[in-house]
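Scroll down for the structure; my scribbles are underneath it.
Each chain gets a letter, A, B, C and D, in the order it is written, and its residues are counted from 1.
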Amino acid sequence: MRKIYMDYSATTPLHPEVIALMTDVMKNVFGNPSSLHSFGREAKKYLDEARQKVADLIGAKFEEIYFTGGGTEADNIAVFGTAYAHRKKGKHIITSAVEHHAVLDSCAKLAKSGFEVTFLPVDQYGMVDPEQVKKEIRSDTILISIMHANNETGTIQPIEEISKIAKEHDVFFHTDCVQSVGKIPVNVDKLGADLITLSSHKIYGPKGVGALYKRKGVRVEPLFYGGGQERKIRSGTENTLGIIGFGKAAEIAVREFDIENTRVKGLRDRLIKGVLEKIPDVRLNGHPEKRLPNNAHFSFAYVEGESLLLSLDMKGIAVSSGSACSSSSLQPSHVLTASGLPQELVHGSVRFTLGRENTEEDVDYVLSVLPGIVERFRSFSPLVGRKTV
Amino acid sequence: MYNPTVMDHFENPRNVGEIPDADGIGEVGNLSCGDILKVYVKVVDGKLEDVKYQTFGCGAAVASGSMLTELAKGKTVEEAMKITNNDVAEALNGLPPQKRHCSNLAADALHKALEDWRSKQK
Amino acid sequence: MRKIYMDYSATTPLHPEVIALMTDVMKNVFGNPSSLHSFGREAKKYLDEARQKVADLIGAKFEEIYFTGGGTEADNIAVFGTAYAHRKKGKHIITSAVEHHAVLDSCAKLAKSGFEVTFLPVDQYGMVDPEQVKKEIRSDTILISIMHANNETGTIQPIEEISKIAKEHDVFFHTDCVQSVGKIPVNVDKLGADLITLSSHKIYGPKGVGALYKRKGVRVEPLFYGGGQERKIRSGTENTLGIIGFGKAAEIAVREFDIENTRVKGLRDRLIKGVLEKIPDVRLNGHPEKRLPNNAHFSFAYVEGESLLLSLDMKGIAVSSGSACSSSSLQPSHVLTASGLPQELVHGSVRFTLGRENTEEDVDYVLSVLPGIVERFRSFSPLVGRKTV
Amino acid sequence: MYNPTVMDHFENPRNVGEIPDADGIGEVGNLSCGDILKVYVKVVDGKLEDVKYQTFGCGAAVASGSMLTELAKGKTVEEAMKITNNDVAEALNGLPPQKRHCSNLAADALHKALEDWRSKQK
């Protein structure tokens, strides 16, 4: 059966060049980068190369990149690490209601242990208002954490404005760029953040590897302790193979930035146009323009998302959904809920995120299959005819 | 995630739709958990001559509704009242643990429909 | 130049079968195991297989294995996670002075945040006395953490006795089996531990992957938060490739246990015998019998370890040292210091740890090279002739 | 870790050993940090006719001692007193940062040896 992957925001396949390098490294580089002998020095050299490449991806300095065991871990170091390192300065943290759980749940945990957290609301597009950030800043605010682009809706936040406000008030600013990097420009100086989260597996690198950008001079506490690797920020023998793959993926993301994103955006626009034309009672979620170039996120009235997802899967098409049923926690998407979407449309949401291997034929295939599936579920939905927003 | 029996009922749900002149209608579930199931019954001589269902729900909900209608059809009202959500899940060869709670409501909807029918008998 | 790796306790090369599987997986399995579509389900299937294999390695149940980003992280979950989850029950923790930094430094951190930690002393072989464990248990003791085998000296602790004492006193027991697993029997029921740490890269799997065994019913807090993967114990998209490699390595470790360990022990014994015969003023560190089958750890009087390490490296031989100079913290080995070794002999320590690719010729080559190197440094050591212990 | 100049001096240290009838001897370092360096000087007509060293120390210590003896040999006592640990490190084209603190003590040992010589002159 024809297989079409349109869930690139969940994870990506390894880029062929990443596979090639990792295959070589698996056979030829195995030392512990902390070892002084030739095997260790060789591994260290590869590690340093990868660090430089990830630094280059976001215009950072070599020594500002700290490798972690994934984006989740980097988010947590940014949130807990900043909070604990600066708790003498204050106990107030500002974040948004649409952050990834890695930020949201670490903030919630802090709120239970003596910190105070403001979860900013968002507008119908899932957008944070910088003015509101400014209003919420208090004298004891130590950290603002707002993601660059949302993993569900693809909405891009006004990060430059928010970071300017943070700087004016002398508050640390963290932004989760897991979804944005490689898809829209991410430059540490332009964004003006003190801390940035990256993850390898969203840019065609391996899973279980991430990085924290930490501007020189910003102090954070580690989440755990041990051999003091990554200059004490992330102890534990380095995932050399994964990091080397991440480095390669970063290099490719720079090189193919323009051509790939232009191409993918064209496909994505074709998909949105087709869906809105061919299917009635559909809503495009997220911001109409300020969104990631590969993201198309819809709510199909009267139909439940997991059912759509499974039916598409049976036709070989892989997507994700914000419905409660399709999440392991059985909670419907907090992002869509915060954006004011009515429950029914939250449960009826489907995310298409496109990438390297998608073609125009893929989009047309989806457009040939999707209307029938939606129609079929609507034919036995008890909600059809009831008022929805 | 789902076993082949569930997938079969999901792909080819039996008895979907409305019974326009139904004798009883029952609806369960709510949108906050994401599943709604509505059952229609046609009762003739104390027997369920026809059972249909509609659902807004996940794979488990679609399959449970389908299996329920198969189990209920032809049964007497008394027999039908004894069908449990668990019976439906078992007939489906089991549902994933996280689905048992929220999506396995078809028997409840049937019972509601039968009570609706009953209330109209008086 | 001939290259001989004798630093298998620092890290190991990937087993050829691990490379073969990972090469295949890199090309063919890439889904996010949390995704409901076929790509995700496929990844989940591989993840589950790996979990079963790691469970089988230590006689555990499938659902008692939690994958982590390495041994360090697993150690930290065991220490912090148990302490925080049970702080209402008590605030006292018992560990030993010779633990890996992942346990030692997390305990030290707890000692700074309201917990009380007893660091048990060890004898000249680096051995903990179970009687002393018993003596230190208080009514508010919540956790005992003692490693199975030491990463430096290879000394094997009397874990079964200690775990029995812990159980009698209703105290949680954690043991770090990173170095022991695959080299000596590790079985959760025999060891009787509530929590066990494993690491992939010490058994010919990839780096950056570990596992925590958590006996059913034992509660621990996670170190960080997010998507709730690994049943909330370790959030973050799973390092599928690494975990799959770990699973394969675990399978091989079971299969080759007898043959490899017998072979390696023979080589190790030949090395010890040769060194003690050919070089005067050498001390074998660690326990003479109760030690890992692949570990030979010496102190060469009058000579500094990093110099020996570098000289051996120039001859193609990779080893490690407990000298201050060869550690990134510039602290001499806490393990040897705790074992009562005089400073000079701590700085003059060299660890040879053997493994899969070593041969008899390797050992003989080391024995042909090492005496001359030691002799040469002694020829210009200002310490020769001074009293050493 | 170490650059080629350091490695050369580590592999082939110059002027290692003792001067049995040295005019001055200086020793620095201690075992807790792991490096000990001992310098011997032979002074003739106010000049360092011979300089030798012994060390118990890491690669940086071995190389620093070696480079120091090369820098000091033939110099006047006054010139030799001006050699700094930094001069030694520079002559070696630099040492790793973590090694600068503990292992770069050769000039100190030389100065001690020259003070030892001086104290015997009175």
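One rule holds in what follows: contacts are C-beta pairs under 8 Å (C-beta built on N, C-alpha and C of every residue); 3 or more make two chains touch, one makes a residue touch a chain.
All figures in this text were calculated on a predicted structure; none of them were measured in a lab.
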Message = Can you work out the whole-Å distance between the CA centroids of chain A and chain B?
response = 39
Whole-Å separation of chain centres (CA-atom averages), chain A against chain D = 56
Query = Measuring from the mean C-alpha position of chain A to the mean C-alpha position of chain C, what distance in angstrom results?
reply = 34
Inquiry  = Going by the contact rule already set, what residues in chain D reach two or more other chains?
reply    = none
Query = Hey, what residues on chain A touch two or more of the other chains?
reply = 36, 306, 310, 326, 328
Key: Touch-based graph of the chains, sorted into line, ring, star, complete or other   = line
Inquiry  = Which pairs of chains touch each other in this structure?
reply    = A-B, A-C, C-D
Message = Please output the residues of chain C touching chain A within their complex, sorted ascending.
response = 3, 5, 7, 10-14, 19, 22-23, 26-27, 30-32, 34-40, 69-73, 75-76, 80, 100-102, 105-106, 108-109, 199, 201, 206-209, 223-228, 235-243, 306, 309-310, 312-313, 316-321, 326, 328-329
Key: Complex interface listing, chain D residues touching chain C   = 2, 10-11, 13, 16-17, 27, 31-38, 53-62, 98-99, 101-103
Key: chain C - residues contacting chain D, complex   = 302-304, 306-307, 310, 314, 323-326, 328, 330, 332, 343-344, 347, 379-383
